[in-house]
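Structures for review follow.
Shared between the two complexes below is chain A, which pairs with chain B and chain C, respectively.
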Partner chain A sequence: MLDTTYNVETPEGIDLRAQAAGPVPRILAFAVDVFYRSLVLTGLGIALAFADRAGMGIWLVCSFLLEWFYPVYFEVMRGGQTPGKKAFGLMVVNDNLTPISWGASLLRNLLRFADFLPFAYAAGVISMTLNRNFQRLGDMAAGTLVVYREAEHRQTSLPDVAPLAPPRGLQLQDQLAVISLTERHGELSDARQRELADLLQPVTGKSDRAALNYLRAVGNWLLGGK
Partner chain B sequence: MKQRDFENRYEDRWNALEQWLQSGEGTLDLPVAYRALCQQLAVAKERQYTNQLIDRLNRLVMAAHHRVYQQQTLRRNTWLWYLLAGFPRAVRAQIRYVWLATALFVLPALVMGIGSYSNDALIYAVMSPDQVMQFESMYDPGNSVLGRERGSDSDLMMFGFYIKNNIGIAFRTFAAGLLFGIGAIFFLVFNGVYLGAVFGHITRVGFVTTFYPFVIGHGAFELTAIVLAGAAGLRLGQSLIDPGGRRRLVALRLASIEAMKIVYGTFLMLVIAAFLEAFWSSSTELAIAVKLAVGAALWLLVFAYFALAGRGVDGDGHKELRSGS
Partner chain C sequence: MDLNRLAVRARLRSPWESIDLGVALARRQWWPLFVVWLLPAALVFGATSVWLWDSPSLAIFLVWWLKPVYDRLPLFIASRTLFGESVSVAGALRQFPRQNLRDWFAWLTWRRLSPTRAFDMPVTLLEQSSGAARSARINVLHRKHASAATWLTVTGAHVEMFLSLALMALIYLFIPEQVEIDWLPFLASGELWLQWALNGLYLLVMAAVAPFYIVSGFALYIGRRIELEAWDIEIQFRNLRQRHQRTEKQSARTVVAQLLLLCVLGLATMAPSGSVRAEAPRTPEAARESVDQILSGDDFHRREKVDGWRLKDTEKQEDEFPEWMINFIEWLESLGQDDDREDEPSSYGSLGPLIGGLIELLLWGGAIALVLYLLWQFRDPLRQGLRLRRRPKAPPKAAPETLFGLDVRRSSLPADVCAEVLRLWRAGDQRGGLGLLYRATLSHLIERYQFEFGDHLTESECAQLVSLRQQPADGGADEDMRPVSGTLATFVQNLTAAWQQIAYAHRAPASARLEQLCGQWQEVFADAH
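Coming up: the complex of A and B.
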């Protein structure tokens, strides 16, 4: 199935869900990180220029650290997010969806070079596109994956309609459909909602605004409105 | 129970947990709260409450799950144990790959070394004439300084250079091993050929009194570390070629745990090597005999470390040492 959902069952018997992130946002996040890194290196280069050769030495050490350990630091200390990943709402986690550990982060970032080969991250991109969870080679060896960090949703309000008991024998499937229409009253356009409500005209015997209001009232009741 | 009632009943607890996860404020028994939350999520799913509620609970469970199952890997004593016993034991455990990597590095070096010692032109097969000139001028006994033109502050510059360059080479050698070992083999042979050519050529032109005292000291750490990084890379590659009775992914996962035990050590060795190369090997004030003697002692030390360190402690001793101090 073409689905990026990643499921893990916890010891408590709960299925955790996450959405694996594909190559495109990851490449963009990487580009942002490269940009930040070059920015820091350029800044350091200017600051250390007057220290001459000693400054050059310090700069080389810094560039070494940035090249290999910049992602490690952010992944472990900042909840799996480098600044680039943060910009695209991504995070790195272990494949049991626990926060990434030092060992796994070091491994996946050292093996970054294998993903880079033979040029321009070709191996990594091929591996990502072939893998069900978009793992590059380093991810597979370290047992990590990159997922979307779910954004905080504001809880939506329910429409302001007096609840109304549904007719007898309303099936579970139908109940769920009505509830979901009620819940999404803020997301769908008004015209589309009226159109959807009109589909039920043979059942409700109402049309347009009246049908929609009736369905919302039923939905409110089903959700426990009094 | 209607969803509204369900939400109203637990809303306060969810908010308290959310607050605690974000700011750590308030008192909360996390395991208890987490278990209760898991139960509530299961109930919500079973009763087919709306996606919005389930998503919210799922998010909350995930955040709490992260907190409950946080892995704490860094313990002070682990590092001490690693230095005293873990690293040499890891190397001995993979001794087949270490020998293989040594052969892949030393044999091409020997062939190239003997070749360019007996044939003046051979070095130009791997290096441009400019590079050869540069190497010759670096180790010309007529020079007052060794290695490169040096002021005191350029020691620091060279230190930075060795860190970036040499550790980068070791990491790449290791990582490239993931491609069925081919990358590690390539880097080992390539570096062996290059090194052999320089050794052979410099010996041929007779700059022995400057060259060998310069390289012997840090070579003990640098060359062994490159070989060990290659061995770790070969271990990765081998797990993909011959995973045994496991799936390749699982074999790779297990092999990389073993390999990383070696890689941490090579990193430390190369930092030591960079220190020696920048601040000790290049010194011109020390007598050649002193440098040779210290260099030989360092080689002995490195070999003794890998052959002997950590032999006394077995798996149980490891645990004792970890929890003991």
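Coming up: the complex of A and C.
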């Protein structure tokens, strides 16, 4: 089964997983960051234009700092998210899924130089595309990873059915599927939902509308309805 | 469409995650996709190079414009491999005319510049819908994924451009320094062969990027369908049904055996089942009451005790400097002024004496700390030199409450131990009597002679400890411990032996011996009462 999931097993035997983020959202996030940076630099340039050559010097220092330490600051101090990454729900983590540290962040950002070669981040894009976990060269050197920050589970309205205890022998995956069917009652077409419920006729002993209502009731029960 | 053969994990994905999945899919079979895209494109490229040799820009524009024609074969391969079918390059190329039949005109004219090309292509190619049905379908699909599909196209175009530039830069980097060419006029000259070389590079880059673009769009489409049609639920439900049917078959075989077993069990449990039922609450109200009672108990609650420091609501007592600090600073100043020569003008103004005083204080503090540190560091040699006795390091441990399972607290003993022992003995409880005597002995030893009997000691080891302290050591050690007299040591030995006999061998001593032990006990702990 092909997927983009990144798995880590802790010494305690707990599986941590995250969704590695690929080149397209990362390129777009980078573009957003470049946009913000150039906005700041333009504003600064206009403000410092009055200071003549000294202003020019200050502007150059600022652009240097912004180019190299803007990502480091945001990655370490703002939970692994530069403004661009935040816009796309991405975050940088160490490859054991712990929050990124100063050393790793500095390394991965200084090595943007390697990813830039030969021009316009070509090495970075190619490396990101070919790597299993979408890591660019700097990521591989620093042992970091860009993953999706899990979105908060939005509250969905549940169907108005009195909860019922589930039948015996439902495994975790089955329960999740029933819950998913209950939560998506507004998004899936009615016919499709009845078709899905019919699939379980040998288990539930009901069919069509009754089967769907029963599964919704079970879903409500599994979600803690009383 | 057999969902069980789906080669990717069916789950709800955000549009971006779907695109990433497409990148992973395309990476896995990039080579056939690349070849299948490049061959038709190269044919067109070759044809234009013959007919349009003089206008290379128009030629590459034509090649670029015909992209939807080449896009179809990679999409065909990707859609087949997604459901576990493998398609060879030759087999795919044979499909070329068939795949291009449908809607070719629309894709090459008004849909050519559609920003969601990769996302919409599968609707044409795989669902084969057209007209109003197609637009309705596209509307549904677009509802959530159109923006991601657009950004995918934008990103793809930019990646193509930047990779071409990078390829040129790479070639430039590899030209040795010795080759001295004046680049600007050379590039600006617009030589035909140079332009055709650049066109060739661009074609290669397009062919390299195209599989990722096409398969990402396809994955976006698949992601949207997983969401719309709940493929994830369907796959899981089918699994559950299969598992259920398997277990049904197994259980049918064993049902006869189970019936027999049930009969036997039913007969066996008939009688006690009545008494069990009698304890259960009779009415629903009673049941609810007992349930409420149990639910309100400790088992269903988690109690936490939280300790910590918190700010108290005390009024601020003083905002000003405390008196002692002012005095201290004044004292510091005076300290500095004392040292100042009167004829020497102070260059630091009024702060000079203060700083001087502070430094002097720091120096003094440092010196005192140094002396204290040295004293601490060499405390052992010093103590030996002064013939001071070493104090016990650890504070005395709390006296144990039980030893060998016996309660040795003083409070657990009766007022007159001996009388109680003899009473028990005569009542026939020989074990209890001797046990009480032994207990009382241990208790007194702990309390009055400060013996530390650890849990790890046996009875004999305790007795040994007692006799070890019999002769007071002539050195400095253990002088604060009360020495043990010879009679006490012998008594403890005898008593322990007698106790071990009765405790472990169940052999009671003679009554005369017990009375003798009691007499000895009163003698050695005479001052206890």
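The working rule: the second predicted complex is superposed on the first by the 174 of 226 C-alpha atoms of A that agree within 3 Å, B and C clash if a C-alpha of one lies under 4 Å from a C-alpha of the other, contacts with A are read in each partner's own complex, and residues count from 1 in each chain.
By definition in this document, a contact is a pair of C-beta atoms (placed from the backbone, for glycine too) under 8 Å apart; a residue touches a chain by one contact, two chains touch by 3 or more.
Note that the coordinates shown come from a computational prediction; the quantities given were computed from them, not determined experimentally.
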Open item on the list: Touch test for A:35: chain B only (first), chain C only (second), both, or neither?
Closed with: neither
Open item on the list: Looking at A:88, would you say it contacts chain B, chain C, both, or neither? Reply first, second, both or neither.
Closed with: second
- [ ] Would you sort A:224 into first (chain B), second (chain C), both or neither based on which partner it touches?
- [x] first
Open item on the list: By the touch definition at the top of the document, which applies to A:52: first (chain B), second (chain C), both, or neither?
Closed with: first
Open item on the list: Looking at A:174, would you say it contacts chain B, chain C, both, or neither? Reply first, second, both or neither.
Closed with: second
Task: chain A residues contacted in one complex by chain B, in the other by chain C - done: 176, 180
Task: chain B residues within the chain A interface of the complex - done: 1-6, 34-35, 38, 41-42, 48, 50-52, 55-56, 58-59, 61-62, 65-66, 69-71, 73-74, 151, 153-161, 163-164, 167-168, 171-172, 174-179, 183, 236, 249, 252-253, 256-257, 260, 263
Open item on the list: List the residues on chain C that touch chain A in their complex, please.
Closed with: 7-9, 11-12, 14, 16-17, 19-21, 23-25, 27-28, 151-152, 155, 158-159, 162-163, 165-170, 173, 212, 216, 227-230, 232-234, 236-241, 243-245, 247-248
Task: In the complex, chain A residues that touch chain C - done: 1-5, 19-25, 27-28, 88-89, 118-122, 125, 129-130, 134, 148, 151, 169-171, 173-174, 176-177, 180-181, 184, 187-188, 192-193, 196, 199-200, 202-203
Open item on the list: Show me the residue ranges of chain A that touch chain B in the complex, using the header's touch definition.
Closed with: 10, 12-14, 16-18, 52-54, 56-61, 63-64, 67-68, 94, 96-99, 101-103, 106-107, 110-114, 117, 123, 137, 140-143, 150, 152-153, 155-156, 172, 176, 179-180, 183, 222-225
